[in-house]
Every structure is written in C-alpha cells, then in structure tokens.
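Here chain A shows up in two complexes: once beside chain B, once beside chain C.
Our next item is the complex of A and B:
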C-alpha cells in the first residue's frame, strides 16, 4: 500500500514538472497557432542561465529564475517578432509548414550555438530542499513547489486572460483573428506577447530542470516532443488540459516504470493514443 | 606526319614525368595520417566532444618532438589525425570510415567512441584491411567474432568494476549490493561482470535494474531499491544526465546506503551534486603517477583546456595514441599489414603498466578505484593506500 501511495505521489509531482513546461507551449499554440519546436530550447536556456549564475555567485536558483523573467520574455517576444511574424500573412498550410521548419531550424541553431559557447556536457545545480517523510513515504518539497507553482500559474493565467485587457485581447486573437483585428486588437503584438509569456514559462521549467536533474544543450527537441504529446493529450490550447495531461503522463510513467522501466514512456504514449482514439481533440480540447 | 610523331613523343614524355613524380612522391609520404571519427555532436558529445582538441594536442606534442621515426624512410615524420564527426551514430561512422578507407594515405584507423559505434567501424577496417586501434570500446560483441584488423585498448567491459572486489574484501563492512545500469552495450557488460564477481566473492546482489537512457523519473526504481536495503548502490551509466538524475533523486528519497559507487564519475557530476558528492567511489582509467606518460597526458589535457577528471575517457585516448606511435616505430614502416602484426605482438609500458593485446583482441587497460574528496578525484589505488584514504559514503 505504501508503495502504491509513493508511486502516485511521485507520478503526480513528476507530472507537475512536465505540465509546467508544457504550459507555455499550449499557450503559444492556442493563440498563435504555431507549433514552436524551439520551446525546449527556452527551457534549456532558462536552466543554463540559472546554472551559470549559480556557478558564478551561488545565488538561489529560484531568485535567478525570477530575475530572468524579463529577459526570457524579451527573447520570446523577439523570437516571434523576427522569425514568426513574417509568416503570419501566409496561407494557412504554408504558415503551418513554415513555422515548423523555422522553429526547428532555430532549435538546432540554438542547440549548436550553446554547445559551442558553453560545452555540450550536462550541467546541474547543487540545490536541494529537504523532503517530507511519513514512514517510508516521502514527498520532495522541490517537486511540491513545482506543483504549487503550476497550480498558481493556472489560476494566475486564467485571471490574466479573463480580467486584463491584454488577456482578453489574447483570447480574442485565439478565437477569431480577423474579429480581433476588427475591434482594434494589434494581433501581431499580441502574438509576440504570447510567445514572450510562453518562453518565460519554459524558462521557469528550466530552473526546475537544472535543480532537479540537469540540462544539456541537446535536450531541447526531445523535451519539446514530450510536451507536444502532453498538450495534445490535454487538448490543444487548453491550459487545464496541459496540467491534467502532464499529471496523467507522470502517473502512467511512474506506475509502469515500477514494474518495467523500459515500458514507462511507451505506456504513457500508448495512453495518449488510446485517449485520442476515444476523444480526438484531447481531454479538454474544443 | 613527322609533326604528329614529335607531338606524340612530347606528350608521352610529359605523362611519364607526371606519373614518375607521383610514384616518387607516393613512395615517401610527407606525414603519417590516421583516420578517426568522434562524437562531436549527438548524445555522446558531452563525453568526448572535446577530444578533437585532445587529438590535436597530442599530435602537436609529438610533432614538437620531431614526429614519429619510421625506419623505412630513415627519418621522423609528422603525424596528423583526420577526424570526422559521426554525430554519435553508427551509420555516420561507417560512412566516414568507408570514405577514409578510399584514401591510400591513411596509415591506419583510430576507433570511435563507444562499443556501439565501434561495431560499425571495425567492419570497415576488416573489409578494407586497414589496421584499427579501438579506443573506448570493450563490449564482448566486438570480440566474439575474430577480426584480425582490429585490436582494443581496454580490458573487457565485464572486468571494469572488478578492481573494487579486492578492495572491498580487504575493507569489509559491505555484504549486499544493488545495481542500476543504463541500457547500453558497455554499461550492461560492465554490470554483468561485476555482479558475477560479487557473487563469486561472497557478496550478494539484492537488486539489479536496467533502465533506458532517457529515464528521468527514478522514483519507482529507488522505491524498489530502498526496499531491498542494500549496503552499496552501484550506478553504471555513460550518460552524466542519467547518473545526476539518479543521485539527486536518491537524495530526495532520503536513500542513504553505506556506499555509493559510480562507474563513470566526472567533474560535472561532482559539480551538480556539490557536497553530496563527497566520498562517492568511482572508477577511473587513470591513477596518480610520475612517469613521462603521466606528464605527457597531463600536458595534453592542459592544452585541450580540461582536467582528466572532467573527461575521464581522455586517458583511454592517450593509451590508444601511445600504442599507435609505438606500433609505427616498432614496425618501422607504414605498411598496413606490418603495423597490424605489430599491434598484435607488441608489449609496451604505458604509465608504468603493461599494454598488450590478448588473443581475442582485448587490450589491458583497466580501471583503478578513486574517490571524490573535496570536489576532486583522489586515487585510492593500490589497496593499501585505499584502505587509509577511503571512507564510506554514509558510515
């Protein structure tokens, strides 16, 4: 019984970390209709900056993450401004294909650039919080923090989208691009802002990655594909869906890996396929 | 008619002169060219991605000393290593070795990184009869089928952890072991050999798990391992990310076995764990010494911009380079067959230890135990020295 409880806790908390990273991707796709294959690179960059600052100054990685937010927002904003905005006026099928290729190319460029400048080896930060123990069951405070953060972000972004002008403009752009333009929303800026927010969220996830695990320049594409599966599972463009999808993935991995580690990830993807067969738009897709 | 005849003679003379000069040039090479691939990108980049610099540092050092003496030409020739990026992929390695095989100036091959990629490279060496000194490759799959044109540097993967057995027998205090292995040829071979040795020497393996390389969530495995309650946990993984993830999650789980052993411990793992890395026992292809080889190896690492602890596999490279140089000097020629015969037959000293090849093709470079102390690696070899220095991770 204790083992079952431990597996569920571990799975949910792991899922929280996944959801944190997938959030930004879901937001970007929901508003801009862009599949950002460079999303994982922003996660990696967030982790890398945290690592470099920690190595140089010993500053608490979460403080670094906080100070880093404007920078990663700006990076994401400029990423859209320079690379994606020129594609916005193209026909839909051209835009989708081009955005995949452009973001893929950007991902590879960032990966190689970072490798060249900072080395290709793994980088991890030595920062830990004690875990809570109840008999043999343990709860990692760091992972709990990630879970709390994702819950807070879900509420925060929900409030932002509902109550603020930019948030309503974001929703309008996601619902109907032309309608949003007609009512005076500068959709180009809104898309760039969305990219900025998405990148910012990815960099927060990067802080958790470098603290809980490690980062390496070549990790970006593989994690992007995982988060893509999470947002598809949860429903494209649904933030709640990302959270639920991440947790489901984490749980499945955790339980199956207990019996056979080789099938942990496969089982998670089989679950994704199974859900999509029953509900093609994902759990919370519209 | 007469004019045509003169023109024909002149043309033949020019052609003959060109061929003759080419033949003359071919008879005496300007350099010794070694062909190799490295994982300069891809999943092994973090382990060997800097070794192009190491190769250059070594060739520079040799060439500063005049090069390698080749008796056939009565002089020293400079050496150069031609490196292609195999991107950590077998098919790329095969393609590049095939390309290099077509170059008659290539004297011989240095192997790529990993048993997995070397498995493709040795087929090219055998097919084109080009000598290959394998480097970081010692899984049994490379040696099960006899291939005259390849020899190894390392002892079998199964032997890598065995240097710990006499140490732990002498030290005492450990009875049960648990192992977690990354699913690669080399790692599985190393753990298999260690587990067999443990059982033969009166120790007990209470838990053994193999996990795929991309594993990030080790909580289920750690949960099972904790239940088995081993005295020592052994982590065998080529990927630093795998090791770092496992060790950090052990910390989260409050799992503190008496001894923690990491097969491929590097400076990056130490940095990621901080003070928690203290007294982790590891295996190194290097130990402290004062031989000229020790000095040369330290020098080429310095020139490459890293320390041996940051890239442990660099020591294997040094052994392979030294074997290459010795084989050419002893053979006295760049004739491929004679070099290959020499590689099989020669016995030399590297860092004070014998380097030779056994009939199956394995080399004799093994590992020596080390331990992390104050963020640095400290050799705990030989056993007498180890008994004084070694401390259990969680006594």
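Our next item is the complex of A and C:
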C-alpha cells in the first residue's frame, strides 16, 4: 500500500513537470498553429542557466529560476518575432512544412551550439533538502516543494488566462483568430507573447529537470517529442488536456517502471497510441 | 520532352558506369545519398501527393532493417530475407493504416511520430529478438558493386513509381484527398483505400531500403534505424527540396547531403549547428522548397522535369 502511494506521488510529480512544459507547448500550438520542435531547447536552456548560476554562486536553484523568467520570456518572444512571424501569412500546407523546417533547424543549431560552448556531458545540480516520514510514507521535501510550486504556477497561469486582458486576448486568439482580429486584438503581438509564456514555462520545467534529474545539451528534441505526445494525448489546443495528459503519462511511467524497469517509456507510448485510436482527437479534443 | 529524356538518360548512364571508375569514396557517398533520396521520395509519396505528413515513415525502414538482420542471422537465403524486410514493412503499414488514417492533420503527424519512439523502445526492450542496445550484427557480406547497383535500382524504381502514380488514377485520387478529403469522398473516391495504397507503396520501398541498409552497414542498433536524426532528416529533405514535385525530394536530398558532407569535412566544430542553420534559413526564406524558387522552377520546366499534380 505504501509503495502504491509512493508510486502515485512520484508519478504525479513527474507528470507535473511534464504538464508544465506541455502546457506551454499547448498554448503555443493553440494560438499560432505551429508545432514547435524547438520547445525542448528552452527547457534545456532553463536547466543550463540554473546549473551555471548554481556552479558559480551556489544560489538556490529555484531562486535562479525566478530571476530567469524575464530572460526566457524575451527569448521566446524574439523567437516568434524573428523566425515564426514571417511564416504566418503563408498558405496552410506551406506554413506547416516551413515551420517544421525552421523549428527543427533552430533546435539542431541550439543543441550543437550549446554542447560546443558548455560541453556535451550531462549536468545536474547537487542540491537537496532533508526528507521526512508521514506515517510510513517517505516524502522528499524537495519533491514536495516542487509539487507545491507546480500547483501554484498552474493556478497562477489559470488566473492570468481568465482575468487579465492579455490572457483573455490570448484565449480569444486561440479560439478564433479572425474573430479576435475583428474585435481589435493585435494577434501578431499575442502570438509573440504566447511564445514568450510557453518558453518561460518550459524553462521553469527545465529548473525542475536539473534539480531532480539531469540535463544534457542534446536532450531537447527527444523531450520535445514527449511533450508533443502529451498535448496530442490531451487533445491539441485543449489546455486542461495537456495537464491531464502530462500527469497521466507521468503516472504510467512511474508505476510501470517500478515493476519492470525498462518498460516505463514503452508503456507510456503504447498508452498514447492506444488512446488516440479510441479517441482520434485526444482526451479533451473537440 | 526529348531534352528531358536525353538528360535523364545521360545521368542514368553515368550512374550505371560509375563503379567502373573504381573510386571507393564517391561510391560509398553515392550509396548513402541513394538511401536518403529513397527515404525522402517515399515519404513524399504520402506527404506531397496525399497530404498526410507521416513522421513515422522511418518505422518501415527500421522494421525492414531488423527483419532482414534477424532472418539472415537465422540462416535464411539472402534474397529471401531481403524481400522479407519489404514484406514486413508492408504488413506493418497495413496494420497501422486502418486505425491511423482515422486521424487527420497534426494528429496524424504526431501519432506517427510517437510510433517511432514506440518502435525504438520496443527494439531496446526485446533483446532476445533484437539484441537490444547492443545492436544487431549480421554476417559479413560487403561487396561494393552489387550493393551499388541494388541501391541505384531501388532509387530509380521509387522515382519511376512516383512518376507513374502522378499520371494515374491513383495519383488523381491522392491529390483530391490532399485538397479536400470530404469532397473527394462525396464524389466517390475510395479515400481509405487510396491512402492505404499510397502508404503501402511507400512502406514497401522503405522496408526494402531497410534490408539493404543492414546488409550494407553490417551492424545496426535502435538509434541508427529509429533515431530522431534519421527520422527527421528525410522529412526535412523532402520539404526542403519541394514536396509534391517529383524532382523535389531528390534535389532536397542531394542538397542537404552535400551541405552536410562539406560542413563535416571543412569545420572542426559546430558543423551540426551550421547544418541546422541551413535548414532554418531554407525554411524561412524558401517556403515551398528549392524547386519552387522562380529561376530554378523555370529551368526545370524548360527541360520538363518540373511536374506536380
């Protein structure tokens, strides 16, 4: 029983980290209709900056993450402004293909550039907090803290999207581009802002990655694939879907990995394909 | 039209007598180039003509490669195991065609992408069959000349078949599916059968090329045949050259492959980054691919090589 509870806790935490970055990717897809293959690179960059700051100053990694937010927002904003905006006016078939090329090219460039500058080896932050027992259940303080932060972030984003003007404009753009334009939303700026927010969320996920697991410069593309799978699982463009999809994937991985160590990933992808075959538009897709 | 034939004939003749010059390095170069051209062209069969971006096309290649390796190691005849690679890929295509073609657009692209990861993990997790991460070693059989001709034959075949399809009813049906699937279905186009046929043809070629790849490299592991690199590169080549034009994926493959080789030999560091930058710039400034650039298109039209439906 304790094992089951612990597996569930570990799975939800892992799923929370997945959901955070997947949520960003889902926002980007919903607003701009672009499959951003460079999303994982922002996650890697977030982890890398945290690692570098921690190595240099020993600052609390979560604090670094907080200071990093404006930077990654700006990076994502410029990514859209310089690379994606020129493609927005093209025909749909052409736009899909050229956006795949551009984001793939950017991902490859960033991966190789980073491993040239900072070395290709895996990097992790040696940061830990004491853990405690709650009844018979072993709980890591660090993981609990991470879970609380992820929950707070999720609630924060929810309110941002529901209450602020930019958030509402963002949702309007995602629902109906032309309609949003008609009522006076500057959809081009909203697109860039969405890229900024998405990259910001990915980089926060990167902080959790570097603290709880480890990062490597060439991890970006494989991480991106996993996130793309998650948002497909939840239903493209559905924000709640990406959260549920992330947690579901994390839970599957953690439970299956406990019983048969190598089959965790396989089971996750099997589940994804299985769900898509039953519901071709994902769990929450319309 | 006659200029077209003369040019094609000359190129083919040159490629046919090429091994006689006895240059090992360009020979190897050409074999790998043929591999990429075939993969790009067969991806484009579904992507450019039927409008379905199959990001999991490399599954067919990998399944062919592993089937060939396993069967040949079991002691089957070379030719039988070679064909078996193609057959296995076709069976897999038939298996996934029914459920996966219910998905559309981005969903199809991403679900097939997940399929690649699934296959990679399955090969890693079934070491009794595939040797897992150690990789599969096959019997030594490295004979350059027959390998060269075999890969040349496969490439000529895939281009020929694509050309034939674009002039057939099947090609028209595929184009109608690409433009408006619902209307095509209303007008009595057998949509499901058209898509399945296109995927099966593409899978057959990819599977045979997979068999060939194992034979050629002697050693394969999951990363080599199901890795992200090999899954995305042919896709980028087809898009970069110009998807939906027969000569497009060929030009894309040649261009990207030459760029990669040049960068690899000229730059000690950062060649992969430069390679990524080239892909990025082409996507940014030449949407629609190289062959759709005006001067290029005009030149290709003059010799009759530019053709799209």
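FYI, the second predicted complex is superposed on the first by the 283 of 286 C-alpha atoms of A that agree within 3 Å, B and C clash if a C-alpha of one lies under 4 Å from a C-alpha of the other, contacts with A are read in each partner's own complex, and residues count from 1 in each chain.
Rule of thumb we're sticking to: a residue touches a chain if its C-beta (ideal position, glycine included) is under 8 Å from a C-beta of that chain, and two chains touch if they have at least 3 such contacts.
Computed from a predicted structure; not experimentally measured.
Colleague: Clash or fit: how do chain B and chain C relate after the overlay on chain A?
Modeller: fit
Colleague: Please work out whether A:283 is in contact with chain B alone, chain C alone, both, or neither, and reply first, second, both or neither.
Modeller: Neither partner.
Colleague: Quick one: is A:190 in contact with chain B, with chain C, with both, or with neither? Answer first, second, both or neither.
Modeller: Neither partner.
Colleague: Angle at the Cα centre of chain A spanned by the Cα centres of chain C and chain B: state it in steps of 10 degrees.
Modeller: Angle at the centre of chain A: 60 degrees.
Colleague: Check whether A:258 is in contact with chain B, with chain C, with both or with neither, and answer first, second, both or neither.
Modeller: After superposition on chain A, A:258 lies in contact with chain B alone.
Colleague: Name the contact category of A:21: first (chain B only), second (chain C only), both, or neither.
Modeller: In the superposed model, A:21 contacts neither chain B nor chain C.
Colleague: Of the two partner chains, chain B (first) and chain C (second), which one does A:75 touch, if any: first, second, both, or neither?
Modeller: It touches nothing on chain B or chain C.
Colleague: Check whether A:116 is in contact with chain B, with chain C, with both or with neither, and answer first, second, both or neither.
Modeller: second
Colleague: Quick check on the superposed pair: does A:229 touch chain B, chain C, both, or neither? Answer first, second, both or neither.
Modeller: second
Colleague: On the combined arrangement from the superposition, state the nearest Cα-Cα distance between chain B and chain C in Å.
Modeller: Here the least C-alpha separation of chain B and chain C stands at 5 Å.
Colleague: Which chain A residues are contacted by chain C in one complex and by chain B in the other?
Modeller: 112, 222, 262, 265
Colleague: Chain C touches which residues of chain A in the complex?
Modeller: Result: residues 29, 35, 83, 86-87, 90, 93-102, 104-113, 116, 221-222, 225-226, 228-229, 232, 236, 262-263, 265-266, 269-270, 272-273, 276-277, 280-282 of chain A touch chain C.
Colleague: Inside the complex, what are the residues of chain A that reach chain B?
Modeller: 3, 6-7, 10-11, 14, 55, 112, 115, 119-126, 128, 131, 133, 136, 138, 140, 142-143, 212-214, 216, 218-219, 222, 250, 253-255, 257-258, 261-262, 264-265
Colleague: Along chain C, where are the residues that touch chain A in the complex?
Modeller: Answer in residue numbers: 51, 53, 99-100, 102-104, 106-107, 109-111, 113-115, 117-118, 121-122, 124-125, 228, 232, 235-236, 239-240, 243, 269-284, 287-289.
Colleague: Taking the complex as given, what residues does chain B use to touch chain A?
Modeller: Within the complex, chain B contacts chain A at residues 41-43, 45-47, 49-50, 183, 209-212, 214-217, 219-221, 223-224, 226-227, 239-241, 244-245, 248, 251-254, 266, 268-269, 271-276, 310.
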